[in-house]
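What follows are several structures.
Two complexes are shown next, each including chain A; its partner changes from chain B in the first to chain C in the second.
Let's look at the complex of A and B:
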């Protein structure tokens, strides 16, 4: 892994700390109220205007099983995926941090709130445990449409 | 084969340009012989030959060499420019265009050009020995074998006498001199063809610029909307904001204009089809066009080629009568096809008009009844009858011919036009002719939209999908409208949003119903409010959200918020499918 591949953006969702490879995040956006999009899964909050492009918004809080708060002015992370950009709502953006391979536990024995297929591992930093999430996989695997019949 | 890609691309682009000119010359030659045009054709052939060898496309060069030989014979007066020869020249243009197309896509393999050369080679071989002594026998053999349809064996003989005439190019002794002449004349013809100098830009670069300007204009709109929050006394600010608003709009319009192209090439293509078809069907036709300078978005032009060609072919094949029939009807033996384009504020109107037998609405009705598209005693207006020909599975042609009726029907024509928010109308008089009017938006990306409110949010419905709008009470689920039961569907039930967005309204509130006609059934969609009508720019949605149910696309609204464009056809289908079991019970 090169220097830049080891850099992660640390953010918080609920009480927990998460981090994603810095390269998978295009930018941090200012909060704007998403416009609802009908017939989508509950954690798909809506769409926003990112400089003329219409981008979907995923609420990582509901997605990761935390309680959804009603519109606190939190930042969006704009991420690139193979199927286009998508924004995610997090509670706060903390810092950029480099994790060495030794710090990362690839197969953590503890159960995390997120699914294995987009879990990179868990990193230890001083006294914190940070869950490393492969944002691209997480966002790419999703089918946001609600299954019909609901 | 190693070829410098840059060189190859520039060869392809230049070849495409001159091949369009080639087609034009062939079409003009169809109207009468003109030695200047034949010479220009020769120069074009010679130029492409040179160019193709420079990029090591030797097969291409060899093929052109053969074509050059034929043109040379025409220039020397040894070969009559009869219809079959003209067809051969047009066919070689098509062949080369396809070839270049393949090269452009990176396919360097040569097509089977030997087969294409054969008729040309035959002509040349037959005439070559005649260079010194023109012999009538050979002329006859030629006429018999390769020019089976030629009607001018006599003139071919006459032309033979002209062999002694000094060839117009015989004075040109050195290749270099010829080359020089070429470059001059080609640039001259380019200048006469279009009044402005042009440069070639990749469509991708252009789209990037357009996108950026699109963004700019959105932010401009947002700024402009926010102007009320700035102190009203700051005149400099307001003035400069207003000016920049105007400039941005100008810039956006001009940028959109960059994608526009004149209809000239499309019209030329139609003219060519007319000539080819008129020859193969033995129906003499006079073609005229007007308004070829009118411009349309590149995508629109590309999309309407097939529908227009289909209409044209129909008009020639089924519309225009044979010369004998026309004589009986006291019509000129020569049929007429007129094509015109006109720009107005709503878009571009293209018409294709013939003076053939016209549409017989009784016949259409009978056909529609036979095809179960109409009930036997149903009364319909002439206009409605004409609309029937756009129904799938409808074709008035008594027999399927090779020319038209190869599966592509008028229903496909209408579908393609509707896809680009176009409309088609028919006027027709028996024995007078038929006129097809096609109304197109200048650009595909802009649609006229109706802004409606659902769950307190703004959505866009394309005006083209709206049949009518009526006011109702929120509690109504159906009503009698135009003496039929109009089902009223609450769009909010079809388009469900997360609870935090949901807004409850009392059922007695006054609301509006947008009525759309879908598969012949009127369906009313209940919305909270009609907010207005606006031109909106359609923006593609990312792949991860594009296939959402009932959503056609997105747009950025005047206040900078994203807006979703509804697909009423999908929503109607969903409603109809869902209510099917109920209908069966009833």
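Let's look at the complex of A and C:
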């Protein structure tokens, strides 16, 4: 595993801290009002225009079971998935942090709100635990179909 | 009770008049009877007595005739002629005496029957004398035979004469007896009329006496009642006068107190007057002070207005702070965007792999700077917010205070205004109080004068009450005297009245103590008694009231007397 692979972007959703591998994220975007789309799942808030490309927006707060609330400085994380780019709404972007392999617990024996397929593990920071989320596997096939309309 | 209306004098006059009338009648009848008796007596002495005497003389004479005849017979027998002639002469003399007597008898005023009888007797005497003369003459002549023959006639005449003489005597005696009967009648009449008059006088006197006595008792009862009433009145007068005296004394004391109170009041009023003057001064001062206060309040209002203005400047500061806060948001935006940029730079550096290592460091540094700027901006914001809050608080406080102050100063202004008005009113009132005080002073002086007069009158009241009391005491004594007089009068009227009253009074006491039997008895004792009972009751009550121990003792003693005794006395 390279050094880059060990770098994570730490962000917060609600009270909880999450982190995703830095390379899985293409860009951090400023907030813009998503254009809502009809008949979508509740965490799919709409679509945005990112430099000419239309990207779907998923509200991680809703998806992770938190209350939805928007504020002007809510950042969007533009992620690359196998099926293309997707924007996720988080509460704040905190920092870029490097976790060693010792710090990462890959199979935590805990039940979380997050489905196991996109859960990488739990990183033990100095004084907090950070949930590591794989943004590429954020949506399963079925969900992705619903979102992309394929 | 019409009789009661007649005065005592009238009654006595009536009594005396009736007695005098009775006496006069008695005397008149007696005089009449006596005069008739006297006439009869005159008759007896003037007519009957001589006729009796003449009758006796005649009686004697006819015996003399008989003795002459018998003497003549004796002389004839003895042949004494001289004596015979003497007898003859004597017989003639006797005849003359007879005739003389009859003549005397003729003159007397005797009854016709007697006169007739006398004439019969006269006739018989004449016959008798004639036969006697014949006998004597015959004897003188010496013819005894003729004389003897005549003797039988003589004796016959004598007998007849005796008989008629007796009848005549009877007739004369009858006249005399009539006189005696008349005298007896007069005596009987006098005795009877005197007795009747005596009894009538006694009864009439008793009747008048009883009548008068009852009247007296009635009047005495009334007197007793009146005396009792006077006693009561006297007692009440005494009581009242004592009360009046006491109350007059109290009044006097009260008046004295009032006078002293009035003088105190007067001094208080003058003190009040002084206080009023001081109050007026004080009120004036207060008015001035209130005017000063008003001015001060006006100043305060002005000061408040300037504070208000200063507050407006403070509000401007607040606005400035707001602007600064807005600017900090811009800074924050910049910080945010810088952070985003640093993240993106990090991502790009990571993608660049080993080539992007230095860039990654730069990106990290930029991120750090951005974080620092953000923190600084946050601090600034916090400080500004704090400043703003404080400025707002201060503003609010000042605004509130100024508003309050303004209100307070306005109120104070108004209050001072009102105080000023009130002080002026007070001033007016104090002035009127001053006037009133002056009037009061005058009034109190008048009251003082009145009090002095009252004091004098109260003293005179006390004296009058004392006089009334002594008068009442005198009256009480007089009443007692009246009772004594009453007793004396009762004694005078009835003699044994006191005893009677005592015995009665016991019953009366019993009556007054509500004995039904006694009351029945008293009711049955009649109308006459009721006056006395009233009297007795009065006396009893009087005794009870005056509490005379002696009388009570008597009463108790008399209490032993039972009703039968009482009845007896009644």
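Heads up, the rule we're going with is that the second predicted complex is superposed on the first by the 135 of 150 C-alpha atoms of A that agree within 3 Å, B and C clash if a C-alpha of one lies under 4 Å from a C-alpha of the other, contacts with A are read in each partner's own complex, and residues count from 1 in each chain.
The rule we apply is simple: contacts are C-beta pairs under 8 Å (C-beta built on N, C-alpha and C of every residue); 3 or more make two chains touch, one makes a residue touch a chain.
Owing to the predicted nature of the structure, the values given are computational and were not obtained by experimental measurement.
By the document's definition of touching, of the two partners only chain C reaches A:7; chain B does not. The partner that reaches more residues of chain A, of the two candidates chain B and chain C, is B. Of the two partner chains, neither chain B nor chain C is touched by A:121. Contact with chain B, but none with chain C, is seen for A:39 once the two complexes are overlaid on the shared chain.
With both structures placed on the common chain, the touch criterion links A:30 to chain C but leaves chain B unconnected.
Across the two superposed structures, the residue set of chain A contacted by chain B and also by chain C is empty.
Note for the complex: chain A touches chain C at residues 2, 4, 7, 9, 22-23, 25-30, 73, 75, 93, 95-96. Across the interface of their complex, chain A is touched by residues 211, 214-215, 218-219, 455, 457, 494-498, 500-501, 539, 541-545, 547-551, 554-556, 560-564 of chain B. Contact residues of chain A toward chain B in the complex are 35-40, 42, 45-49, 51-56, 70, 81, 83-86, 139-140, 142, 144-146, 148, 150.
On the chain C side of its complex with chain A, the touching residues are 332-333, 336-337, 339-340, 343-344, 346-347, 350-351, 353, 364, 367.
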